[in-house]
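Mind having a look at this structure? Questions to follow.
Here the chain labels run A, B, C and D in written order, and each chain numbers its own residues starting at 1.
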Amino acid sequence: MRFLPHTDTDRSAMLEAMGASSIRDLFADIPAEFQLERGSLGLEPALSEAAIVRKFTRASEKNRNATNSRYFLGGGTYHHFVPAVVDYVISRGEFLTAYTPYQPEISQGTLQALFEFQTMIARLTGMDVSNASMYEAATATAEAALMARRVTRKSRVVMAGSVNPRYRSVTANYLSRLEGEYTEVDMGGFGTDLSKVIAAIDETTACVIVQYPDFYGSVYDLAPLRAACDAAKCLMVVAFSDISAFALIESPGAMGADIAVGSGQALGIPMGFGGPHLGLFACKQKHLRQMPGRVCGLTTDVNGKRGFVLTLSTREQHIRREKATSNICSNQGLMCTAAATYMTLMGEAGLEKVARHSAAALQMLVTKLPAHVTAPLDARYNETVLSFSDQAARDRFLATARSEDIFAGIPLEQIEPGAGANHLLVATTEMVEESDIADFIAALEVAK
Amino acid sequence: HEEPLLFEHAHDAPEALNMPGVDGDISPELAAFARKRPTNIPGLSEPETVRHFVRLSQWNHGIETGFYPLGSCTMKYNPRVNEQVVRLPGLAHIHPDQPEESVQGALELLYELQQWLGEISGLPHVTLQPAAGAHGELVGLMMIRACLDARGESNRRKVLVPDSAHGTNPASAALCGMQTVELKSGADGRIDLDELKAHLDGDTAALMMTNPNTAGAFESDIREICQLVHDAGGLVYGDGANLNALVGVARPGDMGIDCLHINVHKTFSTPHGGGGPGGGPVVVNETLAPYLPVPRIEKQGSQYKLIHHDQQSIGPVLGSAGQIGVMLRANAYISAFGREHLHKIAEDAVLNANYVLHRLKERYHVPFEGLCKHECLLTDEYQNSHGVKTLDIAKRLIDLGFHPMTVYFPLIVHGAMLIEPTETESRETLDAFCDAMLEIADQCEAGETEMLHDAPVKPFRRRLDETQAARKPVLVWQE
Amino acid sequence: MRFLPHTDTDRSAMLEAMGASSIRDLFADIPAEFQLERGSLGLEPALSEAAIVRKFTRASEKNRNATNSRYFLGGGTYHHFVPAVVDYVISRGEFLTAYTPYQPEISQGTLQALFEFQTMIARLTGMDVSNASMYEAATATAEAALMARRVTRKSRVVMAGSVNPRYRSVTANYLSRLEGEYTEVDMGGFGTDLSKVIAAIDETTACVIVQYPDFYGSVYDLAPLRAACDAAKCLMVVAFSDISAFALIESPGAMGADIAVGSGQALGIPMGFGGPHLGLFACKQKHLRQMPGRVCGLTTDVNGKRGFVLTLSTREQHIRREKATSNICSNQGLMCTAAATYMTLMGEAGLEKVARHSAAALQMLVTKLPAHVTAPLDARYNETVLSFSDQAARDRFLATARSEDIFAGIPLEQIEPGAGANHLLVATTEMVEESDIADFIAALEVAK
Amino acid sequence: HEEPLLFEHAHDAPEALNMPGVDGDISPELAAFARKRPTNIPGLSEPETVRHFVRLSQWNHGIETGFYPLGSCTMKYNPRVNEQVVRLPGLAHIHPDQPEESVQGALELLYELQQWLGEISGLPHVTLQPAAGAHGELVGLMMIRACLDARGESNRRKVLVPDSAHGTNPASAALCGMQTVELKSGADGRIDLDELKAHLDGDTAALMMTNPNTAGAFESDIREICQLVHDAGGLVYGDGANLNALVGVARPGDMGIDCLHINVHKTFSTPHGGGGPGGGPVVVNETLAPYLPVPRIEKQGSQYKLIHHDQQSIGPVLGSAGQIGVMLRANAYISAFGREHLHKIAEDAVLNANYVLHRLKERYHVPFEGLCKHECLLTDEYQNSHGVKTLDIAKRLIDLGFHPMTVYFPLIVHGAMLIEPTETESRETLDAFCDAMLEIADQCEAGETEMLHDAPVKPFRRRLDETQAARKPVLVWQE
């Protein structure tokens, strides 16, 4: 077996050194009734490496993918370009096969990359500090609610209905096992009505969670909410699903967020059928010690040289156990390195171009829509909702588009079960070409 | 050689990259929200970016550069073919909301993994959704709680956790709204049946246990333990962090465990990545099966389906069906071993740990006698009298070319050193490591205390001031 | 431009430091008449990285390839399996982006890998020493002829007609510009008739070049030729096209070769439409100083530590100029690292398994051939010639096979222009499955 | 840390890998030839193999780890996307003898590259077949010889080569059955027109020249030089090793060069790979076009063809159409720059070289005054008086974190140091390198001779005994 270095000679010699006669002697502490006969599990026969490649290649070819299709799917996961450099960096064994950097002397590579990642995430989101990742956006949103409770020592969580339904349901699920009230504010349309959210705030409120741009791609001014949160002494939590937006539009921090959480998948991480992605968590400096997850901090070594360590670990489960700020341990470390590499390669100007092209593609698409399809006309970043006369009209279009290898959008009710079945959530990135939009529009005309 | 922070590189960012897509206008409505302050993300050219991160990588120890005997972390070789196959375009570049018929290949591989994990653990109902081990713990406890609630026993909120447990256990219980009660370990480091009995009562929801435990010892009373908990109306949660000792040799489900998470980034060799991503599938028996989270992957006829809604389910615990790329690697790992070889994982892992224990036990204090499983526990008791602590031994190992073992865990012994060699290390490497450990013991006895306190001297940085870092945290770069 | 680090600010500052006002000032020594206007070349517009990926992906998808076809092509290039580890190792920048290891202190990685490569090639071919690669097999064969002339100080080169026609034509081409006779010995059939070769030897002969296994896959005893060469005091040069053979059958060295040359493409290197492959060159110790190309040797540093250097450079062009043993400079360094990695991963047992499966597949195929197709019945390694009644019958089969995504073989006349058009050169490797052979045979029946 | 030779690893090979394919019988006829002695290739398990080669890689300097200012070698950044696209299955896993209609995508990319190389060089007829620069020289000379033979001038066998030329030039001429005559360079390091005239005669086949030459200077008399050679009935061969100075700015074909090879592993950034593979396409004008080698890639209508036979062709010079993977990378590199940016390659390369020259010229002897092109030439003359030689300066640079420049080449000056920074290095890096060079000059003047003689002290190995290696060559490991 190619991953096992021992020959039978090795095994015998080692056993002999120990005075054991067979490997199963070493399992004498496991009651015999529980010991399996070798090879008795109901698994497939072992595959050679070539056979594994063949098996996965065949499976891969059963799927249609974004490299051989026109792509308009979003809803929290986006087909942005992944530069080859990013994949190369995270494929290097020194990053890929390292453990959590608890031994900083021989982990400065991971640690410096984390420090750079935290800095860039803080700058892009406009926040003071960032942690070293959460799993993904939905659980990060739940953790933000929990953190707000710790910070404010209040318990009510108000959630705008225009937050991604998956972030909402995971947050609701997390909170439902704990003390304290959780309220969702129904929005009515495909955007965010802050007055409804503000009306839901009371003095027991720990935080208000909104998404910006919201689940429907809408961009709006958070100033009224900031004022309302100040008045009620609660935290304003801003979730986001495509961080690329903040190279173009005002950041959550500039809008006054106390905590910003969301997905960093746009930063050089492939869609991968839903993961591994990258959960981001950033907050104001003053709330730092209530933040969940690992953080990397600057320090010096005994020679006075600058170095980095994981720090503030007294917040964490391996020290604080049941009193920890979270139970999170393994996070998305490698994706932080990917995102740091991506942002370094892009720089401010490149990030802005990605965002501009993503938004320009949506604008071009919306402008060209035929009359039988409607879309909101207010500020949207790279995502919006197209509405058809009825489900049949929409599904006719989807079928036409699929026959042209266009993934034209996500039926809204697939993510938001309560939605009518005549809507389509449509997203664009810099990977959408003008000709793709023309084909999209042509399919709309054909399926009219 | 030193490598500055990317913010310190001595020039402005080069011009923006050429970008595909629509180089057109954005809407005036959106333009009204234009960002006012620059992001101040410096940006380097591609040659500089590559050199920056390649140089950083050179300061890291990884499984590919050397031995990594971290107890309870299972740092084994990560096959390169797994990295290759998960990057196939039909697996890497698909969206979680594509129509099911366009992703049958991916669903097929995931479904197969579910079946295999069920078979390997003896707990046939599986969710791949949890993103990591701790997440799996939370999900498992949510299911246990849902099951107890369904039985009308909403009073059961007490979770018994041995004092040797991973810190995530109590933290996960707290996050699930449950109260932890710590069980004091017996003199042999194992669960003390009397201690267990004394805490079992009508409020007990579950026992969370790790088997083999974090001292590397198998809980031989496992059948009785499970029976006691079940008789008291509770359920048994297994922390699968140490599954590498059992895979292919024995199944937690057969022993009475009701629910177990599996750290695929340990047992099934998905890379640790400097902290993650991991994967924490949860496997359960019939009792808990109705409560599995959604979405679930099911096979209906010849079609694979994602089930998004189910009445009894605890609901979604992640924004997607799981860390799919990590799961695909686990499928590839199991595929390579197959029915014929899978047991060799545990066999060689246990052989290696016992061999290390055998070679070191005369010179390092062994707190608990007997066989170990996939990891062995030592302490610094013999070295303490020379003024040398576990931390010094760990740091000295760095100078000798090895990553240190896990230190100061488990908490039930003083100055713990927990060594896990895994099945993918050769005898040659184990001998070199043991030789290094014995050399340190010699140096200790020879009074080379100062040298040991000064270690490490070879790596890029020497001992770092963690107190300074925590007291005045600097988490982002300020120009 | 993403590969250029300078901003215009950098450029201006540098020019100013030099007292120049524009970059074109630095080109003042190039007559103005030769200077092009910027952007005036007839090239395509610059592509973004995403566009390059798209362009190459589209081109790649226009080709049918061995990962989605059944594959029986050989003739010097073989579809053996390439383990992921090999590609990973040679993709690491430390190997990939290094120069020739002329500065040994910071090139010990490349050098030790070369030393290991040389050792394993020597062992596999049964020769005393190996160099650090030639371009590929055809030019290596030509270089062997030249070396034989230097060693023997005689000039006539005798070439068996059963050597790969491409090796023959390149060798003939090289030799035609130089003094000395070159003779090809026509073989008649699809194998090697040593008596004809031996009959062509005379006392002016510097060397005899045969291929083993020969171009038609035939394996035969070289002892009579060895005796004849001894008698005539000329060198026996043995060429080969798939080195994997020698894990299973007697090596050129064991057969008495003075020089062994051939292709190492089988050792972890993809077919790549013909290159880069790996030319191998091995010889007896006593002829070492007449060997062309770079070699790596063992030595010690000033601290007495073992290390490696490029050595015997007084044979080479950068020292000896027109008197060098060859003009070769850049060689196939990275492919040596690939081959070293491959052989390490395979080991003796793995290499033998590759060879055995390759040969067993051919045997299975030949055994199942229907009566209307003939093949030689003597010893063949993994390649043979199938003969049809006429060209029409052969081409009918090829067309049927192509329609089933089977690349069934190479029309012999495509490589050997003189051959009749009713033959097919067919090769097998460990990548051929039993089901592939069944499909091959079924296609034969269909096209009968 | 040390890493033994793989032959020294302390154990037998593990069992053979699982292999695909036909696990059946071989023929008895073949079995009669079974190998009698074992190959004795040790074999390591996959984890050990990866660790072995990863560790070896760590002893190497590469473009990705640091600056590599090797004159005449053009060590520039190698784009990672190029590595990605050449590994696409439809490009990596195709056979040179597949039917043409099954490889149109590959042929299209190669044909495009041919067109581009012709356009960039001003020499529109192209072969991609030569495997490296020296191979291209041979092929070019073969074509020149064939052309002269066709003119009935088979007496012309004399090739004039400046004494500053690369060693491959005379070696290639010899391999082509031609006689080299060395031209002594003028006082400015350039070709001396009188010297040239003195050697041109009715036996002259060609002048081989490098422009800019190996002293980094442009041969400004290029038009006159070519005219003289042509008037004498000879042809002009251009060594394209230094094309990086001209790309997009000026074209050798416009200057009168008849034939040029292009080192794509220099100018077009295909990686050097520790010595190869390279690629040496040859571009020629109408005069030489009929003699291009076969196979040739042509476009006929919308189809791409491989032409295997042609009457006037010099015939095949390689067993295939070329180092295809290398050519595909060159296509990708040119694609990235395109019409708009291609000239920036030469512009920034020349800017960088002149900047380095400017910063160092007061402290290091500059043998030839004036502008340099993409590389600059210094000597150790000022340092010699302190007992310090070029070799010491080179080795000291290693300790300071840089790969040395090219040393002792060209041969026309004593103690040459030839520095080529390329366009992909930042000002920051150039400044750091110049600072290091100035520091060495300071140390030299401060009399730190011994330290300089001892350098390098930092890398894994110190100065190696090359005499011992050559005197008693050990090229293979003997157990």
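Assume a contact is a pair of C-beta atoms (placed from the backbone, for glycine too) under 8 Å apart; a residue touches a chain by one contact, two chains touch by 3 or more.
Labels paired with UniProt names: A, C = Glycine dehydrogenase (Decarboxylating) alpha subunit.
Predicted model, so just to flag it, every value in this text is computed and none were measured.
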| item | value |
| --- | --- |
| Selected interface, A-B versus B-C, where C-beta contact pairs are more numerous | A-B |
| Centroid distance [mean C-alpha coordinates] between chain C and chain B, Å | 46 |
| Distance from chain D to chain C - Cα centre to Cα centre, in angstrom | 20 |
| Computed distance of Cα centres, chain D from chain B, in Å | 48 |
| Two or more partner chains touched - positions in chain C | 1-6, 10, 46-47, 49-51, 53, 57, 61, 67-68, 81, 83-85, 87-88, 91-93, 345, 430-431 |
| Shared interface positions of chain D, touching two or more other chains | 11, 13-15, 17-20, 44-48, 50, 54, 58, 63-65, 76-77, 79-81, 83-84, 336, 424-428 |
| Touch-based graph of the chains, sorted into line, ring, star, complete or other | complete |
| Sites on chain C touched by chain A in the complex | 2, 49-50, 53, 57, 61, 67-68, 81, 83-84, 88, 91-92, 345, 430-431 |
| In the complex, chain B residues that touch chain C | 11-15, 17-20, 44-48, 50, 54, 79-81, 83-84 |
| List of chain B residues in touch with chain D within their complex | 1, 9-11, 18, 45-48, 50-51, 54-55, 58, 63-66, 76-77, 79-80, 336, 401, 424-428, 431 |
| Interfacial residue positions of chain C with respect to chain B in the complex | 1-7, 9-10, 46-51, 54, 83-85, 87-88, 93 |
